[in-house]
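Look for chain A in each of the two complexes below; its partner is chain B in the first and chain C in the second.
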Partner chain A sequence: MDITRQVEQLLKQGRVDIFLGYKELYGHLIPHGYTLDNLEELENLKVSQHRYSLEKVATHLVEKKPDLKIGIIARDCNQRALNILYTWNQLNPENIETLGVNCCPSKTRKHGDCSYLEPKKTGEFKKENGIDFNAEPEAFMAEFDNPERFSHWMYEFNKCIKCYGCRNVCPVCFCPECSLENPDLVEPGSLPPEVPIFHLIRATHMAGRCVDCGLCEDACPAEIPLRFLYRQMNQIVGDVFGYAPGEGIEKSPFTIIGDKVTLEPKPMDV
Partner chain B sequence: MNCKFVPSVCSYCGTGCGVLFEVIDGKINATLPLKSHPVNQGKLCIKGWNLHEYINSFMRLKGPLVKEAGRFQKATWDEAVNHAAKNFNRIKADHGPDSIGVLVSAKVTNEENYLAQKLARAAIRTNNVDHCARL
Partner chain C sequence: MTNSIAEFETDSKVIFVIGSNTTACHPLIATRIIRAKENGARLIVADPRNIQLTKFADLSVHQRLGTDVALLNGMMQVIIKNNWHAADYVEQRCEEFEALKETVASYTPERVAAITGIAARDIEQMAELYATNAPGALLYAMGITQHTTGVDNVKSCCNLAMLCGNLGIPGGGVNPLRGQNNVQGACDMGGLPNVFTGYQPVADPEVREKFAKAWGCDALSDTPGMTITDMISAIDEGKIKGLYIIGENPKLSDPDKNHLDQVLKKLDFLVVEDIFLTESAQVADVVFASAALGERQGTFTNTERRCMLTQKAVEPVGNALPDWQIISRFATALGHDMSYGSPEEIFNEMASLTKSYQGMTYDRIGIDGLQWPCLSTDHPGTPYLHKETFTRGKGRFHAIEFKEPAEAASAEYPMMMTTGRMFAHFHTGTMTRVSNSLDTEQKTGYVDINPADAEKLNIAPGDMVLLTSPRGEIEAPARLTDSVPPKNLFLPIHFGENPTNTLTSSTAFDPIAKIPEFKVGAVRIEKLIA
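Presenting the complex of A and B:
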């Protein structure tokens, strides 16, 4: 059954109140909420090569109506982000239906439909002074010593225009009060923001949360290799706790407030 | 509950980044960059990201106001335009057309800027036209 009919069924059977997919408007593929009230629009349902965080939209919808049943077109990255949102009680898995779409690598296609799968290009100047988007962490660590790595990161961080796009677009950034806007942590009104603290605050918050969807890096006007940073962060989380964010819906080692920690830290090799 | 996304253009500066408004039950709830827009390619500055805040601001002006006896009073568009025209004519008659200047904006369309300079040159008869980017 094609995806349009599946959505129609979900809506008609009342399994979802709204289905978040895509439609084409003026040549742009944009997200759209399909409901029983606009069933005729369903013929325009599309899978988009552009990725938007539909799960973040879902969190906005349940803010207004907590028991809303929501269907979502989900690639692998959407699914991983959903798992994090379940873990952190931002969405109730019982109220969410997903329809999986092709993602790379899959049986049917070598390449999925999304832009994320095309590796970002890095210019020569950036390679020399900053950080290659596609660098291997081990190679980066081996090539440069500590002060060199610091200067490469500072080259990147200093370009930040403090748009907060990385946080705004991120499916797993949902805090009602964000530390990046706390004047005790980040001095308001200065540009670039206080570096490297601005980026390190976000990096530590992404420990055990970032699902490596790449939306932040796509949204960063300063082309800062944010995924590289958060990936390294989560490599530590993997090494210490054996936890990979988004792979399942088990408790995160960081959900400690008022909760029993279920994941034991492993001994650290020093 | 309904949720749709409406493409638009950021009205804050002349760059003209493409945005998407997230509209939930008729109210703009958030602003996103339009990923397929050729100008900004899925990126925005902090102003663009927060467009919805001024749209929803309670301080937003939703209709014309005319200042009478030192206080702003609600008026209809006809009243407001007549009031402005009357006073422009008075100033022009008393002090000449060059006592008036027209400042246009990067936030409006080319067509609107064209009309504004037309108003300055053809109706008010002054060449005092300038643009906010030069202020």
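Presenting the complex of A and C:
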């Protein structure tokens, strides 16, 4: 059954109140909510390489209507993000229906249909002064010593125009008060923002949360290799806690306040 | 812009940014510049301040405020002297080269260094970088235009681009970055004192006849209207009794606020039409609430001449109406029956009377828009202008001598002030200061001062200071930063509680364009004792 009919069925059977997918408008795909009230629009439902954090839209809808039943087009990255949102009680899995679509090649899927199938190209000046989008972390660590790595990261961070696009598109950024906007942590009002603290705060907050969907890097107008940064962060989380964010819905090692840690900490290599 | 934004990334071999704090004021264009740089293009930045973009430049220089003509003449002197100019292009497509050559000949690097404060070697390098890496795009913003020599500055930019054959090719061009999403569109619609739509002069009898016929009236005035600068004087002199302001907030955007406030009181009647109750709307006799973006349909034409459609998503709040409906009702109340069924109908009328838009329809514009000139319904639009020939035929060089800005530092006013935008707010803050997120970023006005000056005056970060110019005084907290050179100050223009336009002069303006010299003024700064 094609996806349009599946969505129609979900809506008609009352299994979801709204279905979050994409709608084609003048050749562009934009996020769109389909409901029983606009069933005729379902003919415009399309799936392509375009991606958006539809699950983040779902969290905003649930803020207003906690019992809303929501259907979502889900690639693997959406599914991982949903798992994080379930873990952190931002969405109730009982109220969410997903329809899987083709995705980046992974353990579970051979066929792919995502913007990441075409790797980003890195110019020579950026390779020299900043960081190659496609660099292997091990090679980067081996090639440069600490001060050099710092200088390469500072080149990248200094391009930041503080648009908050990385945070705003991030499916797993949901804090009601954002540390990036706390004047005690980051001095407001200047460009670039206070570096490297602005980016490092966000990086630490990605620990145990980032599902490596790469939407932040897609959104970044300054070409900062955020995916590289957050992957490195979660490498540590994996090494120390044996935790891979989004793989399941077990408790996160970071939900420690008032909770019993369910994962054994491992010693960090020094 | 003569060229397109995307070309900076795809075609330009060198990008020369002068008088534009691009990352703060045109961030998406800054993205293109940074991508171009990372992919191998060269970048030159000339700005009195040490702006963010300078971190990525092959060469960045800080010219003394108001010395752009000298700097550009100096570059041209070096280029001509070394034969780096596009001689064939100049010969075939331009005129009055000899006059230019003669004038710029005296602008040696040493002389220009003395005027601008830029090292002679840097001027030579800038010239070489720009001239020997074609195609080269020249980008500027208000740092070029808001001067008593604004027109001279723009002409000098054009001189430089033509000299190197950079007009009429992809990746080249003279590219003014428009300060608002629809400045170009407002000009295109005839929102200027001397033209109808698409820059058709009111002085041209054929043009007047065309519009009179289309609008079903006997005759249209052949006299250009007034610029806003002229209007303020005319109100002062009692020649204007009533003023109708649409989408502008002169109480914060026009110079010499104290004088302006007195002048506005002389009006018998003031109408302000805006989406929020601006400082100007607060003193109006009548306020028309207009619908905002997303509450109405229409088009914007952006800095690269791209006309784009915006759709209505929600109903206007309260009794707000789209501007076109307010104007139609107002005209009808005045006795002229003006009625349109939709913005599309108005667009079609405009397109039928305007060559550069005549191939555009709402359907064709779609989401991606069309760049004028778009001459027929199968014309793809025009990514860059002046391909075969210039509008007037040959490109004319203007030999221009450097003139000092209107004000210089003195014993009474020893600091030089420049004003502009900061990244978190937009213009007079009408739209941005109502945003919680942007308020978190910047809550009040401020003054940027070099740490060396601050130390001399015993000013610590956050200290309140008093700023005084011959026009008046304001208070603001100090920010210590190396982004301004010693003896210079920068003030943002967005904040009604620290109105920078109290300090700026209304008598220093460009004689042709009438644009005030917001970028240069002399002031005094003193620490306020709490």
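Going forward, the second predicted complex is superposed on the first by the 263 of 270 C-alpha atoms of A that agree within 3 Å, B and C clash if a C-alpha of one lies under 4 Å from a C-alpha of the other, contacts with A are read in each partner's own complex, and residues count from 1 in each chain.
Following the convention adopted for this analysis, contacts are C-beta pairs under 8 Å (C-beta built on N, C-alpha and C of every residue); 3 or more make two chains touch, one makes a residue touch a chain.
The model shown is predicted, which means the values in this text are computed figures rather than measured ones.
Student: After the match on chain A, would you call chain B and chain C a fit or a clash?
Tutor: Result for chain B and chain C: clash.
Student: For A:His28, select first, second, both or neither according to whether it touches chain B, chain C, the two together, or no partner.
Tutor: Both partners, chain B and chain C.
Student: Please indicate which partner A:Lys126 is in contact with in the superposed arrangement: first for chain B, second for chain C, both, or neither.
Tutor: So A:Lys126 only meets chain C here.
Student: Kindly classify A:Phe144 by the partners it touches after superposition: chain B alone (first), chain C alone (second), both, or neither?
Tutor: In the superposed model, A:Phe144 contacts neither chain B nor chain C.
Student: Go through the superposed model and pick first if A:Lys159 touches only chain B, second if only chain C, both, or neither.
Tutor: It touches chain C, and chain B stays clear.
Student: Contacts for A:Trp88 in the overlay, against chain B (first) and chain C (second): which applies, first, second, both or neither?
Tutor: Neither partner.
Student: Taking the superposition as given, does A:Pro188 touch the first partner, chain B, the second, chain C, both, or neither?
Tutor: The answer is second: A:Pro188 touches chain C but not chain B.
Student: Pick one for A:Ala219: touches chain B only (first), chain C only (second), both, or neither.
Tutor: First partner only.
Student: Quick one: is A:Asn38 in contact with chain B, with chain C, with both, or with neither? Answer first, second, both or neither.
Tutor: first
Student: Comparing chain C with chain B, which touches more residues belonging to chain A?
Tutor: B
Student: If the two structures are placed on top of each other, which part of chain C overlaps chain B: 8-16, 278-286, 476-484 or 494-502?
Tutor: Only one listed stretch clashes with chain B, namely 278-286.
Student: Across the two complexes, find the residues of chain A that touch chain B and also touch chain C.
Tutor: Looking at chain A, the two contact sets intersect at 25-28, 161-164, 221.
Student: Okay, in this complex, where on chain B does chain A touch?
Tutor: Those in contact with chain A are residues 1-5, 7, 18, 20, 22, 24-25, 29-30, 32-37, 40, 42-46, 49.
Student: Over in the complex, which chain C residues touch chain A? Could you list them?
Tutor: Residues of chain C touching chain A: 23-24, 27-28, 30-31, 34-35, 37-40, 52, 55-56, 366-368, 422-424, 437, 440-442, 446, 479, 481.
Student: Can you list the residues on chain A that touch chain C in the complex?
Tutor: Touching chain C: residues 25-28, 122-126, 130, 158-159, 161-164, 181, 188-192, 221-223 of chain A.
Student: Sort out for me which residues of chain A touch chain B in the complex.
Tutor: Per the stated touch rule, the residues are 17-18, 20, 25-33, 35, 37-38, 50-52, 57, 60-61, 64-65, 68, 115, 161-165, 168-169, 218-221.
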